[in-house]
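Note that the chains take the letters A, B, C, D and E in the order they are written out, and that residue 1 is the start of every chain.
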Amino acid sequence: MQLGFIEEDGFQMEYVLTFGPSELACQLLVGLSRSMLLFIVTAGLSLVLGVLRVPNIAHGSLYMIGAFTAFTVSTVVGGAGGFWLSLIVAPLAVALVGLVAERILFCHLYEREHLMLLLFTFALMLILGDLVKIIWGAEYRSVTTASLLQGSFMIFGLPFPRYNLFLLIMGPLVAVALWLFVSKTKIGRISRAAAVDREMVGVLGINVSWVFATAFVIGCLLAGLGGALIAPTVSITLGMDHTIIIEAFLIVTIGGLGNMWGALIGSLIFGITHSFGVMFWPQFAIVFPYVAVVIVLLLRPRGMLKSVW
Amino acid sequence: MLEVEGIHTFYGLSHILFGVSLRVEQGEVVCLLGRNGAGKTTTMKSIMGLTPPKQGGIRFKGEGIVGKEPYLLARKGISYVPDDRRIFADLSVGENLEIAMRKARVGEGWNKEKVYEIFPALKDIESRRGGCLSGGEQKMLAIARALMGNPELLLLDEPTEGLAPVLVHALEDQIRRLREAGLTVLLAEQNVRSALRLSDRGYIIGNGQIRYQGSIEELKENEEVRKKYLLV
Amino acid sequence: MFRGIIDLKSLWLIGAIFIILLILPPIIPRFYTYILTLIFVTALLAMSLNLCVGYGGMFQFHHGVFYGVGAYTVALMLTKTSLPVWVGFIAGPIVAAAVGLLIGWFCVRLTRLYFGMLQISLGSLIWAIAFRWYTLTGGDDGIHGIPMPSLLSSLNSSYYFILIILVICLIVLYLIVKSPFGRTLQAIRDNPERCEAVGVNVRRHQLITIVIATFFAGIAGVLFVVLEHSVFPDLMFWVLSLEAFIMCLLGGWFTFAGPVLGAAIMISLRTFVGIYTEYWTLILGIVLILLIFFLPEGVMGYFLEKFKPRAKEVVERSSELNVAG
Amino acid sequence: MLQVEAVDKSFGDFMAVNRANLTVGKGELVAVIGPNGAGKTTLFNLITGQLKPDRGRITFKEEDISGLPPYHICKKGVARSFQIVNIFPRLTVFENVQVAVLSQQKRSSNLFRPAQNLAVEETNSILEDVALSDKIMDIAGSLSHGDQKILEIAIALGNEPELLVLDEPTAGMSPEETFATMGLIKKLASTRGLTILFCEHDMEVVFSFAQSIMVMHQGRTLIQGKPEEVRRNKEVQEAYLGD
Amino acid sequence: SSCKKAPKIERPIKVGIIDCYSGPPAVYANDALNGFKLALNEINKEGVLGTKIEFTKRDTKFKVDIGLSMAKELVMREKVDLLVGTVNSGVSLAVSDYVKGEKVPFIVWIAKSDRITGAKGHRYVFCTGENTAMIGKAAAVGLVKKPYVKYWIAGDDYEYGHALADGIWNNLKKTKPDVKLIGQSWWKIGEPELTPYITAILAAKPDAVIFCTGGASMTNILKTVKTTGMSEKVPIFIPTATDHAVLKPLGPEGPEGVMGTSDYLFYYPDTPANKTFVKAFKDAYGEPPGFPAFHAYITAHFIAEAFRKAGSLNIEKFIDAMEGLTIDSPVGKVEMRACDHQAVLPEYVGVTKKVPKYNFVIATDIITIPGPETMPTCKEIMKEREK
C-alpha cells in the first residue's frame, strides 16, 4: 500500500530495513502483549454487545474511570501494594458504577429499539466524561507499577519491558476466567436466544433482567481492569475514552460481534499487525486499524467468528 | 387452577379484550375457539403476563398473577407455546430445549430424551440451527420446549398449525396422555376438529368477548355455534 | 404535486414557520441569526442521514465523511482553482455522492452493525487523507478564510441562501420519502428478504439511497462552507457522524421532520448551555437521558402522538361500537 | 409452465431436496404435500430463488431460472407467500401490498411521484378480494396471526404473477377464512389465468382444490399425479396420510 | 505615564477567552487561565484607563466548529472587545480568519502553528507564545553541534508534529548538510502503546532520535523511553520535553538525559522577576506556572499596556499600540514584533535530570537562544504571506 501524498513531506528518506529474526520475534512479543490488553478491554465490550445487544459507547469511559481509579488507589496506598491493590479496586469500582447505571437506568430500557440504547450509552459517555473531569480534574496523571514490573530485560538483544510480560500473563488468565463464566452460567446461550427474542426467554422462566445486569457488570469489570492495567504505561488523561472506543468497536467487529473469542482474535489481529506494521511502514500507522477492518470485512462480511448480530 | 375474571387488554391505545372471563380446572383440557383476530392469542398473552390486562384479575392456583413478570409465571408452572413459534433461531435444537429446562416440582419431569420420544423427528436434527428448521419442525420444537419447563398449566396456541396429519394425531395422543398425568391445558385452535376431539370444555371468543361457553357436546349441539364458528 | 401527501393543516403550519423564518433576521440579534443558520446546515445533514437510518434502516455510522467531502470539495475548488463559484457549489454534492457510491458499494454487501463498522473504517480512511495530505488539505489545521462571492459574504445573505436551499432540499427529500422509492425503502428496512421476493433489488435500492443521502450531505457540507468559510478534518471525524446519528434518534427517526428538531436541540443545547458552564456535555447527557425516558419515540414522535389523539379516539370508539353492535 | 428437473439441495451433508421433479402446467392448481421436513419449503425456496440449487434445472416458461436472485425471478412472473409469516411489520396493510404492486409496475425506483396516489386501485382491489379492506390502515405487525397469513397472500398477489407459489397458505386461518381464501385462489386461477403451486397439510383443502398433487418424502419426489391416483398410492398412504 | 491623562472610561474592558477546557488539552488551558487571572488581579489593582479588564470563557472541546461558534457568540452576543485563546491551532486559524472580517483582535497564547502569525497572519491576530518555526530553529541550533548523522524522526501524526519535524529538519539540514534521515514513524494522537515503535526504532540503530510530540502523548513517550531504557541506548531529542506540565506527573520516574526545548521554565532564568512571578502564582494556585501560564500572563499585560498606550477602547488604536510594544516580563523584556504580531521570546534548550530540590526531573545545562535568533525574519514572513 502506498498513499502517494506521503512523499510530499519534504524529507528525503533513506530508509534501511535492518531487521533480523530477533527484531521480528521481539516485535511479535510486543504485539502479543498489546493484544492481551486490547482483549481485556474488548472482551467486556463484546460481552455487552452479545448479551444486551447494546453497542456500549460508554465502554471507553468506564475504561477511563478504571485508569483514574487506579491512579487514586496507587497514590493513596503507594508503592507496590498500591499497584496490586489498584488492579483489584479499580475493576470493582467500575463494576459498581456499571451496576448503579444498570439498575437505575439501563434496566428500564431493554424493551426499546437497540439504537435507542445506543443513544443512551452515548449520553452516559457524555456524563461519565464530565464526571471524571469534576472528580479528578484535567491534569495528566501518571502511576508507576510495582518495582518488580519496572524496567525491561533483554530478549534477542532488544529491550522488552517487564510490564509487557506481565500483560502476556494477564491476558490468558482473563480469557480462562471468562470462559469459565460463560460456560458455567449458560450466559452465552441465553444471550444468543435473547438476541432473537428477549421476551420469549423470559417466558421460559429466565430472569433476563438479572442475566443482563450480570453481563453488563462483568463487562464493566473488564473495562475497569483494562483501565487499571494500562494506567502505568501511559499518561492518564481525559479523552482516553475517545481514543480507545472506536478501536475497540473495530476489534469486536472483525472478530464477530458479540463473540468473546472473536474479541480475542480481533485483538490479536490488531496488536500484531500494528506492531509489525510500525516496523515496516511506520509512516502509515494511523490507517492500519481501518485497513485491517476493511480487508477482514470484505473477506468475511460477518467477522472472523460466529456472531450474535 | 386458572381463573380469568373480566380482563381488559390493550395494545397501546387499542382495546382488544373486553372483559374476558374463563376458568380452567386442574387436569382439564379447555379450548378457545374463534376467528382470526378474535383475541385468542391476546388472551393467552395476558395470562402469561406478556400483555398484562389493564383491568380484571387472573388467578393461578388461587394466587393473583396480574402484573407479574413472565419469568416468575414460568417458574410457578405455566408454559406457553406461541402461535408464531418464536424459536431461537441462533440456537440448535438441543440448545433450544436445554435453555428451557426447569426442574420438575414433583417426580422426574421432562428431559430431552423424553420429549424426543414424542417428537422423534427432533432427535435426528438435534444439532441443527433453530432458524433452519422447517415450519412443522419449529412447531414441534416450540411444544417440546414448553414441556421442558415442566409446567402444570400449558398454554397451547395453535399447536397443530403446519403439522402433518400423522403428527397431529400423534400430538393429540400425547396431549391426552399428559392430561392423564395431571397436566392442565388451555388450547387455542383453528383446527376445530382436533380441538373438539381433545377438549373437555370450550370457549368461543369473538371480537374480544366470550360469546359461548360449555362442554364440547353443548357447543356441538348449538346450531348457531356450529354454523358460525365450527363449520363442521 | 403534494396532493394527498400532506394535509392542509400541516401545510399552514409549515408555511407559517417559513414566513417567520423569513422575517426573523432583521429583528433578532445577529448571533441568533448565526445559530439558526448553523441549525439549518446541521439539520440538512441530519435529514440526509435519516434517509438512510430512519427510512432505510441502514447503520450509516459515518455520514459526516460525505458532509466533509462536500465541504472540502468546494473549499479546494474555491481556494486552489479559479473556476466560478457555482461550479464548486455543484461539485461539492456530486463528489460527495461519488464517494458515497464508492463506499456504499462495499457497505451494502454487509448488514447492520457490520455495515456501520465497515463504513467507519472506509470513512476514516478518507478522514486520514484529509488529515494527512498537508499540502492539499492543510492537515488537521484545515483551510480557513475561504473566499465567498460578495453576494454571500454577509451573515444575513447567507442565512437566506441557506434557508432557501434547505427548504428546497427538504421538499425534495419529502417527495423522495413519499415516493414509491421511499416506500419501498421502508419496506426494505422492515424486511429485506421479503422485499427481494416481491421483486426489489435490495442492494441496488440501498446503494441508490446512500448516493442520494450523501448527495444531500454534500450540499450540507457546501452550506457549511458558505456559513463558516472554513473546513477542517473534524467534519469527517467519527464524533461528528455519531452526533448526527444521535440527532436523528433524538428527534425521532421514524418521522420526517424529527432530525431537524434533533439538530436544533443539539445545537442549541451545546451553544446556550455552553455559555453558562463548561460542563455542558454533562447537561446534554442528562437531557438526553430524560428524553430517552420520557419521549421514547423521539421528540418529534412524541409531538405526532400528541397531535393525533383525535384520530385514535375515533378508532377506539368505533371498535367499541363494533363490539356492542 | 414450470419444470423442476432432478434438483438437489443439501445443507452440509444433509440432503433436504434430493432429485426432486415437478411439473406445473399453465393454469393448473398443483399441490405439494409431504411430512414435516420433507423439503417442500426448500423446494419452493429453490424455485423462487431464496436458495440456489446444487444440481438440476428449473425452467419457467422454457427459460432456465435456476440460481437467479429472487427479485429477478419475481420480475419474470413468479410470486410467493411464506409459510412463516414474513411481512413488513412496520408498514400499514395497504403499504404492504402496495410495495409489491409498485414493484410489479416497475415503479419502485420512481423518486418524485407521491406513492400515496399510485397503484391505489390495484391494491385496494386485492385487499378487497382477500377481505382485509377493513384493516387497510392497520399496522401490519399488529394484525393477528391469521390475518397476517392472509396478508402474506395479498402481498404475493400484488406482484400480479403468472405463477403463484403459496407455502401453506391457510395454516393458522379459521375454517371460514380457509375456505374463503381457497375459493379466492381458485377464482383467481380461473379469472386471471393464474397458475398456482401450493403446499398444505390440510388434506381436505388439498384434495378438494388441487388438480395435481406431488408428494415429497425425505427430499424425494414420490409421485406426481391426479388426486385419486395419489390417494390410492400405497407408498403415499404409508409415508404421509396415515389412515 | 500616558494612562493618567486618558479620559475615564465607564465600562470594563471585556476579554473573551476561547480554549479547550475538556479533554487532555484542558491541563494547558487551565494553566493559561490561571496565568491570565493572576495578571488581571495585578492589572485591575491599578486599573486600565480607569476601568477594569473582565473576561468570559468558553470551552471549545478541541473542536474547530465549536470553537468557531463560541468565538462568534463571544463577539456577537457578549460583544467582547477582544478574543484570546486557544491551545488548538485549527481553532486559532479559523477564529483568526473570522476576526479578520469582524475587526476584533485575537491574541493566540498557546497554539504553536507558525501559520497563525506567518502565512496566515493579518492585522487583527497576535501571538504571545512560541511557534513551530521558532522551536525548529532552536532545536536545530541545539543539535547542530552534536556529532549525530543518522536521525530517526517520530511523532504524533498531526499538523503540529509534522510542522515541528519540518522545522527542525529543514533547519538542521541547512546548517549541517551531511545529516541523514533513516526513517520516520507517526502514531495517532493519544496512542497508548508506543513500545512497538520504540522497538522498531531501536532495531534500525539511528544515531539520534527526534520525537515531535506534545501533550499527553509526550508523557506516553517519556514513559516508554523509561521502561525500555531507550535514553541509555540512543540520544533523544524532544522539542518542548522539558515542559513542566509533562514532567511533573511523571515525578521521579521521568527519564533522564532527554534533550528538549521550552520557551518558559519556572526555575530558569533565576532572576528576581521570574521568582516573583513564580511565587505569586504558587501562592495563588499551589503549583508553579507552566509555559501556558506564562504566555497568558504576558498576554494580559500586553493587553493592559496597549490600551494604556492607545488611551481609548478604540480597537484600531489598540492594534497600533500593540505593534512594537515592549513589556517587562518574568523573563525580561518581551517585544511584540510589529511586522508579524509575534512576541519575540527566547528559547531554552536543556537536558532532563533529577535534582534533589524537586521530586520530578527538570531541565539542566540550559542554553538560552535569544528570541531574534529563533525567529524567521520579517522579510521571510512577508514572503510567506504573499504566497
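Just so we're on the same page, a residue touches a chain if its C-beta (ideal position, glycine included) is under 8 Å from a C-beta of that chain, and two chains touch if they have at least 3 such contacts.
Just so you know, these numbers come straight off a predicted model, no measurement behind them.
**Student:** Where each step is a move between two chains that touch, what is the least number of such steps from chain C to chain D?
**Tutor:** 1
**Student:** Going by the average position of its CA atoms, which chain sits the greatest distance from chain D?
**Tutor:** The chain lying farthest from chain D is E.
**Student:** Farthest from chain B by Cα centre, which chain is it? Let me know.
**Tutor:** Of all the other chains, the one whose centre lies farthest from chain B is E.
**Student:** Give, as an integer number of Å, the spacing between the C-alpha centres of chain D and chain A.
**Tutor:** 49
**Student:** Quick one: chain C and chain E, Cα centre-to-centre, how many Å?
**Tutor:** The answer is 38 Å.
**Student:** Just the number, please: Cα centre separation of chain A and chain C in whole Å.
**Tutor:** Computed value for the inter-centroid distance: 32 Å.
**Student:** How many Å are there between the centre of chain A and the centre of chain B, using C-alpha atoms for each centre?
**Tutor:** So the centroids are 45 Å from each other.
**Student:** Quick check on chain B: which residues sit in contact with 2+ other chains?
**Tutor:** Residues 14.
**Student:** Please set out, as single numbers or ranges, the residues of chain E touching at least two other chains.
**Tutor:** Residues 21-22, 157, 162.
**Student:** What residues in chain C touch two or more of the other chains?
**Tutor:** In chain C, the residues touching two or more other chains are 131-132, 134, 239, 281.
**Student:** For the complex, which residues does chain A have touching chain C?
**Tutor:** Touch residues, chain A against chain C: 3, 5-6, 8-9, 55, 57, 105, 108-109, 112, 115-116, 118-120, 122-127, 129-131, 133-134, 242, 246, 249-250, 253, 257, 286-287, 289-291, 293-294, 297-298, 301-303, 309.
**Student:** Contact residues on chain D for chain B in the complex?
**Tutor:** 11, 14, 34-38, 40-42, 83-85, 142-147, 150, 167-168, 171-179, 201, 203, 240-243
**Student:** Would you pull the chain C residues touching chain A in the complex into a rising list?
**Tutor:** 53, 106, 109-114, 117-118, 120-122, 124-125, 128-129, 131-136, 238-239, 242, 245-246, 249-250, 253, 279, 281-282, 284-286, 288-289, 292-293, 296
**Student:** Which positions of chain C touch chain E when the two form their complex?
**Tutor:** 29-31, 34-35, 38, 131-132, 134, 138-142, 144-145, 228-230, 232, 234-235, 239-240, 270-271, 274-275, 278, 280-281
**Student:** Sort out for me which residues of chain E touch chain C in the complex.
**Tutor:** Per the stated touch rule, the residues are 21-22, 57-59, 61, 63-66, 68-70, 72-73, 76-77, 89-90, 93-94, 96-98, 100, 113, 115, 120, 157-159, 162.
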